[in-house]
Amino acid sequence: MRPSGRAPDEMRAITIETGFTKHAEGSCLISFGDTRVLCTASVEERIPPWLRGKGQGWVTGEYSMLPRATHTRGSREAAKGKQSGRTQEIQRLIGRSLRAVCDMEKLGERQITLDCDVIQADGGTRTASISGAWVALRMAVNKLMESGAIKDDPLTAKIAAISCGIYNGTPVLDLDYDEDSNADADANFVLIEGGQIAEAQATAEGATYDEEGLLRLLRLAQMGCGEIFKAQEAAVK
Amino acid sequence: MRPSGRAPDEMRAITIETGFTKHAEGSCLISFGDTRVLCTASVEERIPPWLRGKGQGWVTGEYSMLPRATHTRGSREAAKGKQSGRTQEIQRLIGRSLRAVCDMEKLGERQITLDCDVIQADGGTRTASISGAWVALRMAVNKLMESGAIKDDPLTAKIAAISCGIYNGTPVLDLDYDEDSNADADANFVLIEGGQIAEAQATAEGATYDEEGLLRLLRLAQMGCGEIFKAQEAAVK
Amino acid sequence: MRPSGRAPDEMRAITIETGFTKHAEGSCLISFGDTRVLCTASVEERIPPWLRGKGQGWVTGEYSMLPRATHTRGSREAAKGKQSGRTQEIQRLIGRSLRAVCDMEKLGERQITLDCDVIQADGGTRTASISGAWVALRMAVNKLMESGAIKDDPLTAKIAAISCGIYNGTPVLDLDYDEDSNADADANFVLIEGGQIAEAQATAEGATYDEEGLLRLLRLAQMGCGEIFKAQEAAVK
Amino acid sequence: MRPSGRAPDEMRAITIETGFTKHAEGSCLISFGDTRVLCTASVEERIPPWLRGKGQGWVTGEYSMLPRATHTRGSREAAKGKQSGRTQEIQRLIGRSLRAVCDMEKLGERQITLDCDVIQADGGTRTASISGAWVALRMAVNKLMESGAIKDDPLTAKIAAISCGIYNGTPVLDLDYDEDSNADADANFVLIEGGQIAEAQATAEGATYDEEGLLRLLRLAQMGCGEIFKAQEAAVK
Amino acid sequence: MRPSGRAPDEMRAITIETGFTKHAEGSCLISFGDTRVLCTASVEERIPPWLRGKGQGWVTGEYSMLPRATHTRGSREAAKGKQSGRTQEIQRLIGRSLRAVCDMEKLGERQITLDCDVIQADGGTRTASISGAWVALRMAVNKLMESGAIKDDPLTAKIAAISCGIYNGTPVLDLDYDEDSNADADANFVLIEGGQIAEAQATAEGATYDEEGLLRLLRLAQMGCGEIFKAQEAAVK
Amino acid sequence: MRPSGRAPDEMRAITIETGFTKHAEGSCLISFGDTRVLCTASVEERIPPWLRGKGQGWVTGEYSMLPRATHTRGSREAAKGKQSGRTQEIQRLIGRSLRAVCDMEKLGERQITLDCDVIQADGGTRTASISGAWVALRMAVNKLMESGAIKDDPLTAKIAAISCGIYNGTPVLDLDYDEDSNADADANFVLIEGGQIAEAQATAEGATYDEEGLLRLLRLAQMGCGEIFKAQEAAVK
């Protein structure tokens, strides 16, 4: 049924290699099958101007694809002189998601930037980015707590994201590129450990879907994020 | 309960003034309470390079806020030299939504651009834009059919969008600015007449929400879009 | 003679609808026939860096055309990433004109920005912008005086602008688009109530003109501005 | 009276050194006192896309100030990544002026670009640019005629430009920087040999002026351009 | 002597992991100690406009640092909207170097882009980029030859690059970041297997150097490149 | 042998006209044959943010070609909105070279910008820029010392630059455009009076070169810079 031969509710293999680069306060290379994203967390003792003097911190995200992460080479955004709408949409989503599980007052007046750079793309790069960014953030916050810079843990829960969609009429979990480019509907869910939803985005492509379809996608996402939470747990131990 | 005194499932007054400008093939000024957006549809007998020779058309959207549409003056994107991530996200949503109800082969090798310019903002500008853009698109397509340029109607259904959210713990419909800036969750639904979903986006702000919350927001949106479909019907008659 | 059937010294109908938007400190929708411009005045309690500490204020203008204000859709300057030379020339003219009738010391250390957004264009958009911007400025200054923020009225006079040109050899007043695109000469005058000139710009297009021609255009402009001053007076009462 | 000790109708010394650079088809270094502008005319056998196939040519202008042409160093527009509104306004004026004396059909399907680069500034750089650009254009056209590329002379007349203004209540000709920065009114006239006006621009600065003032400025400009026409004549012989 | 304890002529460990990403026609992750660069070669069946119809191909390079490749986070060039002078200088060097060993006629009318993205930086990123880019290029060209698209091998030799410098008065090979930031002179050599020089760049920092110094640096580079050629040979076998 | 008929070690005529513009603290027009560059030194009593409070100054360079400095007109970087990689590479080289002979502590907390604008190009514009910039810098520093702003001379030596290359197999000095575009190797040396090297850059074009070739080029450059040092000495006396 699925090009990869996976069952509808079957995820691709997840691996999380922490400490992939040495300078960042937290880093990991996360893989969902052939999708590989390098996530780093950088702590800076400064905050955006509009937050100064409010006794709180900030968490933000940036996202990019290496030019040849994809089947055919894409042009480099730095060379074109601007980031695409898609890039901006994704990095806004990454920042918003991670802020949903971080208490800004406990973080204190500092900023953590989560850079998600896609080394290789095979569908689901934005959800892998969020899932990996949490690992990098967790590591960076641990380091701040160990050094005594932060007293109380600002991270309130794990957060993870997964794509799902309707492929040939069937709801499926964790779309790869072949499925993604032919899906009838395409959804991304960002879920918090414990059952809460941080973000739900579902888009019809070609065919549309109804309330029932939305619910079935959400339930697949809940299953998928359960597996990611376990992989995150193992990675940061 | 609500700052405006509205009931949780009560929309603001909707007005649609068609033919607001004379040059565009279709145009309307749509109001949801104090939110007012000028929507125009421009037909051009050319298509994006990547579509050439495929015998189909294209529908795209652009969005902008006038600098003083808001409480305090925002800087002009043309002067800053780039569109914000928010602007790009919204205009991608507008285009995607309208394409969901347009058969590109019946449209033929031409492009229709839907410009949504916010004259005055009081919450819900992106959903008013989509709802008004459909009216402008309908008018432009009518004109193409009357002139004989198009034979079969490419528009497959009405499409409308509405925001809803959780305000003080209660799901409410059609948020105005006061509610929007204090909501626990903020959702936008783009619905197709007949019950299908084109797009669902729900974001936790501060508090998160669960499956039950998502469903209640969707049902409010279905009620709201019902009213918008009626207003669209009246406008294009 | 004239495509519109007007007499050489006949203006189009002028209407000025004040309070067209609610957030701005002053606003109006001004129409010269089918040319319609939304003018807003925004007061900000900050001044450009080079004026700090000098005990005076600043008045500046910005100008834009909505993409489909014109016969064929123009590309959006925010999307192209820069303002055209024409746009910049016009907004410099708007700011300079309004500053000619405003005493910057009486205004105090604040800035008023006049945004002129062309909703529909049919010739004469820059002159309608200046004429409408004065109304918005007058309203904003009135509000500052009522609140006690300003003591002495900084506005020294009314200011208005009108185009005129030589069409088929005859000097004519208030060119619409059809005339403008075929005129032999094209002039814009910004006049101050009482007979003084703030700005005169006359350009030969195809045919050139001489001293006599320049004078005849100026006299037409004086007639036209007389009518605009009356419309402004009625609008701000 | 005047800071320079000149009489009100006295020009600064004009010099025109032709052939200042060797690659351009026409070039000169024009000086009005301490204002020095390098003007080059470059012929290219291609035309802008919107003119293709119409059997006519195009003349356009570009303008720039070297960073240290002025009293204090200005930042380089290439480094800032955009041309100022003032630069764009001036280069539009240069192109428009030269086109007023060039028959585009006789020019044939080619483009001549007039680059005006200000080496040293002391007031009147835009008018020196236009006056010098005509010399460079004349030389380039002569070369095209000598080579047989053009048969009939496309240049219909000489064109020259001069600034004048009201300084301490007195109309004066050819303002230098000290006068320019303190003038009550500032005007630029572009005149065609024989008495016709191509462009008149007069701006009040501080004080305003009336019809009589405008006429007196125009007459000074006519005197000044008379001298420039002689210098141009001598230069191109 | 050296912060790392290495002998003056001692290189860091070199590793080259080929096939690091799957979409590119050639790819490797090259490491010089802690400096790690992902190099990919992308083949496209199109050439720059100025080469069309000349029967030859093109090889070009692009370079970027991930934001947190360095000790402190650098801002993302795509977000700033332009590439730094340093980035442009390096990518010009990469392209020029690889073209020095590629016969453009044998390559045929196609372009190969070498993307060098620095994953982790510890000095010598540009030289690692060139050395790794050759491996990626070799793999891509092999693929083109295997498929029959190219008949004769266009690569004429191996090419490699290494940095060296004068540190505390002593010429040393393969500078890491600690040395690089304190060196008296800093040189990069691009050498061709067999003894020829493609590029020599030596810059004094603080102290200057003389002919003797330049020669000693060149000889260190020759030793270093010898080792790189062996690593390249092993990698592409 | 050489297109110009010069001997392999023969320089073109060098002229340095100091005080070419009046506003800059130091200026000269330097010519190497037909290559002419206007160099100005501008003193500003401010320093880059990252140097504040360190008790030292800064020297930086900017470089540009006038559009028609070359055989065919190049497009203006200010109009394109960005500086080319070549421009940035050259201006970084200019700044680095001049800093090599300036003691930043003796200079004090001020910045000197060296603007090098190429009026006419015939090969060797970057080396003429550096050689002329030293003259402008020397003049500006003299003025600072005469006024008492600086006590001890911050300039430690003369610095000059020259190109050389391998043309038809023979090492030649001071390449003009005809040679430059056909050279087998192309080198630029920046030398300090007394024999030290500030910068060496040698690039193979087509043919490569070896250690012996590099040395021969360096020796030619030493001869050439000897002549430039004399011309600089005469110019600043």
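Order as written gives the chain letters A, B, C, D, E and F; numbering starts at 1 within each chain.
We take it that contacts are C-beta pairs under 8 Å (C-beta built on N, C-alpha and C of every residue); 3 or more make two chains touch, one makes a residue touch a chain.
Just so we're clear, the structure is a prediction, and the values are computed from it rather than from any experiment.
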item: Any chain in contact with chain D as well as chain E; value: F
item: Any chain in contact with chain A as well as chain D; value: none
item: Chain of greatest Cα-centre distance to chain E; value: C
item: Most remote chain, CA-based centroid, reference being chain D; value: A
item: Cα-centroid distance, chain E relative to chain F, in whole angstrom; value: 28
item: Inter-chain centre distance, chain B versus chain D - centres from mean C-alpha coordinates, in Å; value: 50
item: Computed distance of Cα centres, chain E from chain A, in Å; value: 33
item: Shared-contact residues (touching 2 or more other chains) in chain A; value: 81-82
item: Chain ring listed from chain C, with chain D in second place; value: C, D, F, E, A, B
item: Residues of chain C touching chain D in the complex; value: 82, 85-86, 88-89, 91-92, 96, 100, 192, 195-204, 208-211, 213-215, 218
item: In the complex, chain E residues that touch chain A; value: 21-24, 27, 34, 38, 40, 42, 44, 62, 64, 66-73, 76-79, 81-83, 87, 113, 115, 117, 119-121
